[in-house]
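Chain IDs A, B and C follow the sequence of writing; residue 1 opens each chain.
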Amino acid sequence: MMALLEIKNLSIDYLTRNGTVKAVDDISFSVEARDSIGLVGESGCGKSTTGTAILGLLPPNARVSGSILFKGRDLLKISNEELRKVRGKDISMIFQDPMTSLDPIMRIRDHFFELLRAHYPKMDENEMKKISSEALKSVGIEPSRLNNYPFEFSGGMRQRTMIALAIALQPSMLIADEPTTSLDVVIQEQILEVLRDLKKTKNMSMVLITHDLGVVAELVNKVVVMYAGHLAESGDVYSIYEKPLHPYTKALLESIPNVKLEDRELRYIPGSLPDLKNPPKGCRYWPRCPYVKDICKRETPPTVEVDGRKVKCWLYGGEINAGIDKTSSAVS
Amino acid sequence: MQVSTKQVLLSVENLKKYFPLKIPWTQALLKRERPTVKAIDDISFNIKKGETLGLVGESGSGKTTTGRVIIRLIEPTSGRILFDKKDISKLSKENLRRARKDFQMIFQDPMASLNPYMRIGKTVSHPLEIHKIGTPAERKEKVLSLFEKVNLIPAKEFFNRFPRQLSGGQRQRVVIARAVVTNPKFIVADEATAMLDVSVRSQILKLMIDIKEDLGLTYLFITHDLASAKYICDRIAVMYLGKIVEIAKTSDLFKEPLHPYTRILMGAVPIPDPKLKRSKIIPKGEIPSPINVPSGCRFHTRCPYATKICSEEEPELVEHQGRLVACHLFDKK
Amino acid sequence: MANTTNTNYGNQMLSSRIGRGFRQLMGDSSGVMTFIGLILLSLFVLMAIFAPYISPYSPVEPSGAPLLSPQWGHIMGTTNLGYDVFSRFIWGSRMALLIAVIATSIAAFIGIPTGLLVGYAGGVTDRIVTMIMDSVYTFPGLILAIAIAAMLGPGVLNISLSIAVVYIPTYYRVIRSQVSTIKSELYVEGARSIGAKNMTIIGKYILPNVLPSTIVVLSMNIADAVMTEAGLSFLGLGIPPPVPDWGYDLAKGQQFLLQNDWWMVVFPGIAIILLVLGFSMFAEGMDEYLNPNIGEKR
C-alpha cells in the first residue's frame, strides 16, 4: 500500500550571506492514512523547515532536494497553482508563530472567509459564518468574537484561532507546528481531544511538530526525532519512550520536567545545538554525546533498522553492536 | 536581605479591566449597555520584595492583561496599584514615563516584542538612553557585559545583529537583557519561556534566577507551564476567567491543590508516557466567555463539585489553613 | 566572521541590502522585473544627466527641414518647426524626471509626517484628517491637477505643486494605515514600557517599519507623476514651449497624425510609456523584496 505522505531523502539548505545553513539533511519518513507523527527535537533542528517544505511555503532563499510524495504526487514538482489547491483543503498547516501569522488589519472572521472563499468561491455568507463559528467553538472561543481583531485576543486565543482555521476545511492531513505552546494544559487537553476526534471520525492524519514530549505521548503513534537537521531516530511511540536507542533521544526524554516529582531540579542536555553552517564532521551529535567514539567524529553514521525502528548512530548496525545501557528507560 | 523580604513591594487592590466589545453599530443602537470583555474582574494580591509570584491560569483568563495594567501600559478600569507605596495608577504621564525604569515587562512573544529594524545592541541600550543613564561608552560597556551575562557570546558580534538573525532562545535572552538593563526593581515576565524547548527553557529559568539574585529583583511570573512555575516561583496565584481563585505557597499548591480548577489544572499536565493515554479528569462543558460571565462562582459550569449555592453566590477569596482560596467548599459559612 | 566555505554567497563587496537584492534579482521572476525596471530607469536618468552631450542638436532650435521622416541625421525625424525629435526625446527626460521628482518629494514631505502623526495620535484628529484626505483621494487625480494648475499658472514649481496635491493623500493613507497597525505591535508597547517618549517611538520604532513601503509608493507615484505631468502639458497647462517636454510634443504631434506624420507622436509616447513602466516595474519588484517577511522565517 502506498503511504499518504512519503518523504524521501529530503534536504533543505538556506542560502545566507555568511554561508549555507544545512537545516535539513537527508531525512526520510512516511505517514500513512490516520497516522499521527510527532516530529520532535531541540529548537533550531529543522522541524518547522521540514513542515513548511511539505506545503511548499519555504522562503525564497531555501534550496530543496529529494521528494515529498503526497498521494503519489511529488509536491516538489507540481505547479504553484496545483499546490495552492492542495493547501488548506488536502493538507493544512498551523504555523508556529500565532502572533505574526494572523493579519493584524483583518478581523478574525475575515481570516475564515478568505480561506473559505479561496477554496469554495461560491459559498454564501451564512454558510461561511456557520463553518467559522463551528470551528471557533471547537477550540473554545465564543463565535461572537469573530468580529474582533487579532490584537484583541490573548496569546492563547490567537493560537487557538490558528488551529480553528487549519481544521475548518477538514483537511485529510494536518501539519501542526507547536500548536499548543501558549495554551494552558486544560485547554491543551481539550484541543488534543478535538484533534483525536478528527483523526477518528474524519480519518485525518497528522504531523505534530513540537518540543513538548508530553503532548507527543498523548497524541501520536509514531515519533521522528531530529537532531541538527539529521533524523536521529524514528519508530513507534511506545518503543521509543520505553527504550530510546539514540543517545540524543535518551537525553531528550530525561530532560522532561516532571511536575509530579518532589525535586525542583531542572535537567537539560549540556552543550548546545551545533552551528548549522559548520556542522561537526561525522555524527552531528558527537560533541554532546556521552558514548562518543572515534568513528563518530570521522564519519556520518548510516541509518540502520533496529527492532523495526530506524536509528542513525554508530552504536547500532554493522559490526559494532554494543548499544547503550538498555536497562535505563525514560523518566517515569 | 532578611529584613527586606518582609516588605511589600507591589500591592494590587480591587483591580478591574473591562474592554469594550466591538459590535456592529446596528446592534449597538438596539442595546442599551455596551457589552464588555471582563478581562480582569476585581483582583487583589501583593508581592513582597525579592519574591517571585507566579500567575497561572487558563488561556484568556486575564494574566497578560494583569501584567499590562500593573505596569500601566493600559489604564485600569478601576482599582489601585501601589508600587513601593506609591499609587502608580495616579501618576501623571511624565512621572510615569520616568518611573518606568523601575518596572519592566518581558512580553509573551520575543520576536514580536523586538523592533525588526533595530539592532539588538541598540535595542538593549535604548532604555538607558531614554532615561539618560551614563555616557554612550558606558552604555555600550554595560550592554556588552549584560550580553555576556545572558550568554550571548561573543557579545561584540551579537551587538550588531538584527532580531531575525537570532534563534528563538537567543531572542528571549535579548528581551531579558533589555528588561534588566536599567536595574529595575520589579519585572513582569509574561510567558518568558513558553516558546522554548525544555533544554533552552531550563537554561533561561536558571538565568532569570541568577539575575534576580544579582540585582535583588522581584518577579511576577506569568506562565501556563506548571513545571516552570514550580521551579521559579515562591507563591502562585491561580486565575480563572478574570478572577484569582487561589493563592498559595508553591510547595503547598503542588502538594495539595484546593480549588477544583487548580486540581484539574494539575491533573491535566500531559504525562510523558504513551501508555498512560487519557486518564484525566477534563472538565466537561464549554469554556465560558468573559463577556457573559456565569452567575455565582465562575467555575460552576465546569466544576465537578458544583452545588446549588455555587450558581447563586460568588465565593470570596478567604483564608483556609493559611492559604487563600475562593470556593464554597472551603467557605466556613 | 564571514564564512569562507561558500564562495557564492560569502564575502560580498556590496552592502548587505544591495547584496541581498542582487541575489534575488538573479533568483525568481520578480527579480528579473526589478532588474529591467532598474535598467530602464538608469537609461533615462543617464539620458537626463548627459543630455547636452548625447543629443545631436539643440532641442529648441530648428535643425533641419520641418516634418522630416526618420532618416540618417534625424533618426526620429523632425517636428513641424524643424526641431530634431530625437534631441527633444532626450531633453524631455530632464523635464519629466525633474517635475516628477519635485512633485513626489513635496507630496512625500507633507504626506508622510502627517500620516505618522495622525495615525499615531488616532481618535478625532485621525477621523477628521482622514476624511479630508479621502475626499481629495477620491477626486479624479488629473482633474484635480488641472484645476490647480489652471489656478497657479505654468512654471516648473507650480506644476509640481499641483501634481503633489494629488499624491499627498496616497502617502497619507499608506502611512496612516500602517502606523495604526504597527501602533498595536508588541514592540511599540515594549518601547512604551521602557519609557520612550512619543516622538522617539514614532521616529525609532514606527518610521523604520513603514519606510520600506514608502519607497514602493514613492517609485509608483513617480510613475504616476510622469503621466500626470505629460497629461498637463498635453492640455497646455504645463511648461510653456519651446522647453522640451514629452506631453507637449505629444499634443503637438497629434495634430499631424492625420497626415501620417506618426513620428512626432510615437517617440514621445514611447518615452512616457517606458519611463512609467520602468518606475512601476521597479516599484513592484521593490515591494516584493523590501517586505521584511519575505526571505525570512515565516
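By definition in this document, a contact is a pair of C-beta atoms (placed from the backbone, for glycine too) under 8 Å apart; a residue touches a chain by one contact, two chains touch by 3 or more.
Everything numeric in this text was worked out from a predicted model, so none of it was measured.
The touch graph of these protein chains is complete, with an edge between every pair of chains. When the interfaces A-B and B-C are ranked by how many C-beta pairs touch across them, A-B comes first. Computed from the mean C-alpha positions, the centre of chain A lies at a distance of 46 Å from the centre of chain C.
With centres taken as mean Cα positions, chain B sits 28 Å from chain A. Per-chain Cα centroids separate chain B from chain C by 49 Å. Annotation for chain A: residues touching 2 or more other chains are 97, 99-100. Taken residue by residue, chain B touches two or more other chains at 108-109, 112, whereas all remaining positions touch fewer. Shared interface positions of chain C, i.e. residues touching 2 or more other chains, are given as 1, 185-186, 296-297.
Chain contact summary for the complex, chain A toward chain C: residues 15-20, 48, 52, 57, 59-61, 95, 97, 99-101, 104-105, 151, 277-278. Interface residues of chain B, counted against chain A in their complex, comprise 19, 21-24, 37, 56-60, 63-65, 108-109, 111-112, 167-169, 191, 194-203, 205-206, 224, 226-228, 230-231, 254, 264-266, 268-278, 280, 282-283, 286-287, 289, 291. Only residues 42-44, 97, 99-100, 137, 140-142, 144-145, 147-148, 152-157, 159-160, 178, 181-190, 193, 211-218, 237-238, 241, 252-253, 255-260, 264, 266-269, 330-332 of chain A touch chain B when the two sit together in their complex. Those residues of chain C that touch chain B in the shared complex are 1, 185-187, 189-197, 200, 204-205, 208-209, 292, 296-297. The residues of chain C lying in touch with chain A in their complex are 1-3, 5-6, 8-10, 12, 16, 19-20, 23-24, 27-28, 177, 181, 184-186, 293-298.
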